[in-house]
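Order as written gives the chain letters A, B, C and D; numbering starts at 1 within each chain.
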Amino acid sequence: MESDLYNDPAIMGGCSVPIKVNRKTKLEPTIVNVGGIRIGTREVIVIAGPCAIESHDQLLESAKAVKQSGGKILRGGAFKPRTSPYNFQGLGEEGLKMLQAVSRETELPVVTEVMDTRQVEVVSEYADILQVGSRNMHNYPLLKEVGMQKKPVLLKRGMMATIEEYLLAAEYILNQGNEQVILCERGIRTFETTTRNTLDLSAVPMLKHLTHLPVIVDPSHGTGHRWMVPSLSRAAVAVGADGLIMEVHYKPEDALCDGHQSLSPNEFADTMANLKKVAHAVGREM
Amino acid sequence: MESDLYNDPAIMGGCSVPIKVNRKTKLEPTIVNVGGIRIGTREVIVIAGPCAIESHDQLLESAKAVKQSGGKILRGGAFKPRTSPYNFQGLGEEGLKMLQAVSRETELPVVTEVMDTRQVEVVSEYADILQVGSRNMHNYPLLKEVGMQKKPVLLKRGMMATIEEYLLAAEYILNQGNEQVILCERGIRTFETTTRNTLDLSAVPMLKHLTHLPVIVDPSHGTGHRWMVPSLSRAAVAVGADGLIMEVHYKPEDALCDGHQSLSPNEFADTMANLKKVAHAVGREM
Amino acid sequence: MESDLYNDPAIMGGCSVPIKVNRKTKLEPTIVNVGGIRIGTREVIVIAGPCAIESHDQLLESAKAVKQSGGKILRGGAFKPRTSPYNFQGLGEEGLKMLQAVSRETELPVVTEVMDTRQVEVVSEYADILQVGSRNMHNYPLLKEVGMQKKPVLLKRGMMATIEEYLLAAEYILNQGNEQVILCERGIRTFETTTRNTLDLSAVPMLKHLTHLPVIVDPSHGTGHRWMVPSLSRAAVAVGADGLIMEVHYKPEDALCDGHQSLSPNEFADTMANLKKVAHAVGREM
Amino acid sequence: MESDLYNDPAIMGGCSVPIKVNRKTKLEPTIVNVGGIRIGTREVIVIAGPCAIESHDQLLESAKAVKQSGGKILRGGAFKPRTSPYNFQGLGEEGLKMLQAVSRETELPVVTEVMDTRQVEVVSEYADILQVGSRNMHNYPLLKEVGMQKKPVLLKRGMMATIEEYLLAAEYILNQGNEQVILCERGIRTFETTTRNTLDLSAVPMLKHLTHLPVIVDPSHGTGHRWMVPSLSRAAVAVGADGLIMEVHYKPEDALCDGHQSLSPNEFADTMANLKKVAHAVGREM
């Protein structure tokens, strides 16, 4: 059914898809390889960990919980884009060192955010995947810089970016020679206020329709509520996401940021068990 | 996990939940009974049929396809709210008669839209469920009028309505004495244009968290693209919807309205088969 | 400059303008005549009064303040579309009678909202202009019904209606034979929350560019803050509005609804004095 | 009237205003001084020039037109944030040199955009005002970097930024010691598509209510249509803006970017003449 409509421009709502990310240019899906973990196959990959790296112990305990329940990649922020200059801004390079140490102890590859072109080199030394956050999706110098690295990039959708702008942002990276790009729907800004953002799950099939890049979903930022993460995770897998990125903290109530949307180790374990059933129901592995 | 957070006002984003629809007022979920079909139980109920009633044959053939694949209730519009006065406005009462006839032939209960307080009485004679459409969610005289009927009401979320406004609209109906209300997420208006609306699947767990009323999802209007209906349907079931309402037309390419978002009988059959797997994966029946 | 671009479809952002409201169909601007008050000329017309009619005295005192400062038409709601069923719903026909009485005492024509097709006849007996509110802009039976009346219609823009949908709603009225339609920008729903709505002043030149109908602005609902009404009123006149509709209450602190966005008599007098200067600066009369 | 409401938290719609930009912290308005041109006084200051610097002649001819009609500061982009990597990206440092040369020839101070922390130093050598564009309003490393410069900063509102986020972005700059910040409303993203963005003129009085920083308006990006710039400029002055920034190109039809929203020299001259009348009507100078 999809293939019939693929050439109908009407389905794109006026969206023009640039050449390098376009599924018509490269028919087979791109698989992003992170130290043997492959994103974009039949297997649903879960990335999880705390919002911010706070200490070696906090990160290690959280990472163990992630690994134990089947998470394949560890997330943790060292440079944090915070709305207020008075909020915790992250541990910086010290945090990166903790991330690398925990990565080695747990044998989990790690993803962490880079916010500044001047940080790309140092973050690349420590991280397995470079994350460009929602607030920087339109930061073209940063996109070009990560496009020149030999590392996979996790490019989050801007909170108010159209599908077309998002694909063009990815094109900036591919255009520099880096094709290892993971897209991530993380909620868009709308008039609704009961959730932090409005998770746009339609974006998953739409992106997979238009591009060959893998697409994952962030239900933690997408909803802003810990208790909604399990159900929206299931929906993300059911709709066809290639993976998930979730906030998991070994003690959410003590987290320096985003505790209200972070799962505890037990909640994460339950969530993963339920996700597997949905993955199998839609013909995916996990 | 949900129960712990249930009393935390922060989860509602400032949303105040009125008393009659409030889950705290009535702890057990409301089950809407439509001629023996019960909405709001463990069983996922699918409502399907054409956007508009065009002829007896069109409706009958579509209805047979709906029934054959497991649809439990037939939808079909006789009074159509069309953005342009020059578009097909529906067959009116003649359409209602066809709807009733096909209902009897197929033994499917029927839902159809009522747009005008003056039509409520006549529509109630023919329909098993009265639908209040998205454009009329803020039409308070109409809400009061359907609140005075002895028929279940399918109240679609306004395309511009917050969760709070939506619950208050339902409260208008309950406040008149009619507690048989089904809520329906059908996509909200955002800046994104590749989809007709942005289907807000977070609204499903949020509504079920705040109210005892059953919640279904309309992926046809939510996406506006036939090829997206199967994947978003799966996501809707995975996120916890009590049912779905889908556009099915025996010949979508000939439909007088919404053909581009209507499933053919074969597509509907495939969709239903896949939905059952997801329903079972999340502990539901279908 | 405008005329050069008038035929460029790109300026309409894909908006198609239906035939009866289209400025190309009828080159001279439509002037709506309300008992000798003409809307759509070089004169800027101010409509003002309380949100809701509460009592004869409240309405009379407010009306006198309106008239004294140069307001030409009195507004006041008898049927109120309230988000909650538990809020004050208006005095109904009793309010209409007060409105008519005050209209006679002050010799001000009156505008009041009609929400229900069944009310159109009775409201038409008392009102000089029928208002269709923002929540009913998509209520097509109501649009058709007011289109069959011999009274001018004030059609407010839906809070989430595109320019195209708005013009099509007006077309529903003209299509029934009633060409006396006044458009009104009153704020649209966006992600911004410091104001009640986002007043879209660009809509004024855009509408005047596309249609021959007069366009007024409602800065009271558009901002939701009394203290912002004077500055946004000035902007509305500067941008080219043919009039304004403002909430004025003789005692805003005692108002049963919208007191926080209603001007006191003194504030209204100041506002009018300043508006005249702006009107003259842009070649309008007042 | 404003002062009465100033302490009412309700007027801010839940917006918390950080300390350094807060009008309660510093009661007198901040005046930004750019080589003798003072922004934030009774005088309305107009910044104008081409979207992108294309050549010395293009810039010089445009600058002469700006100066002749009363523009006080020249704008022109050397580093351009373009949605597509295949669009013209600007002349870079070569463009900055042209900008400086034309600045000297015309004695107009200049503002130009900086997109990358690594460019801040070089742009500071050539520009009188550093512009942080809409897409970089959430780019916190860049905000910190311009906060460490001794140059005024023109901080445009993000197309998706709430008033609160915008004030917090400005706070990042002030917090580094640079208080010479000009705010600029340039249109927000909404569902409406006939205009490029929705110019939020309510933001002007709201910002001036909450902060001591000067506020200007960009009607060119705000509307995306050349023919709308004159009327929205008038509205911006009427609503209380301290200045305007407009795109002016000596040959808009040949512009490499944004020609459709750039005024020609004659259109700019007309616009300025009309703006003066509005400025005087609201007690401002120009």
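Keep in mind that, in the parts below, a residue touches a chain if its C-beta (ideal position, glycine included) is under 8 Å from a C-beta of that chain, and two chains touch if they have at least 3 such contacts.
Because the structure is predicted, anything quoted here is derived from the model rather than measured.
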item	value
Intersection of contact partners for chain A and chain B	C, D
Between the pairs A-D and B-D, the one where more C-beta pairs touch	A-D
Reference chain C; chain at largest CA-centroid distance	A
Distance between the centres, which are taken as Cα means, of chain D and chain B, whole angstrom	47
Chain centre separation (chain A, chain D; CA means) in Å	34
Junction residues of chain B, two or more chains touched	14, 160, 189-191, 193
Chain C partner contacts - residues on chain D that touch it in the complex	1-2, 4-5, 10-15, 160, 162-164, 188, 190-195, 198-206, 209, 222-223, 225-228, 230-232, 234-240, 260, 267, 274, 277-278, 280-282
Residues of chain C touching chain B in the complex	18, 81-86, 115-119, 135-136, 138-142, 158-160, 165, 168, 171-172, 175, 189
Residues of chain B that touch chain D when the two form their complex	14, 189-191, 193
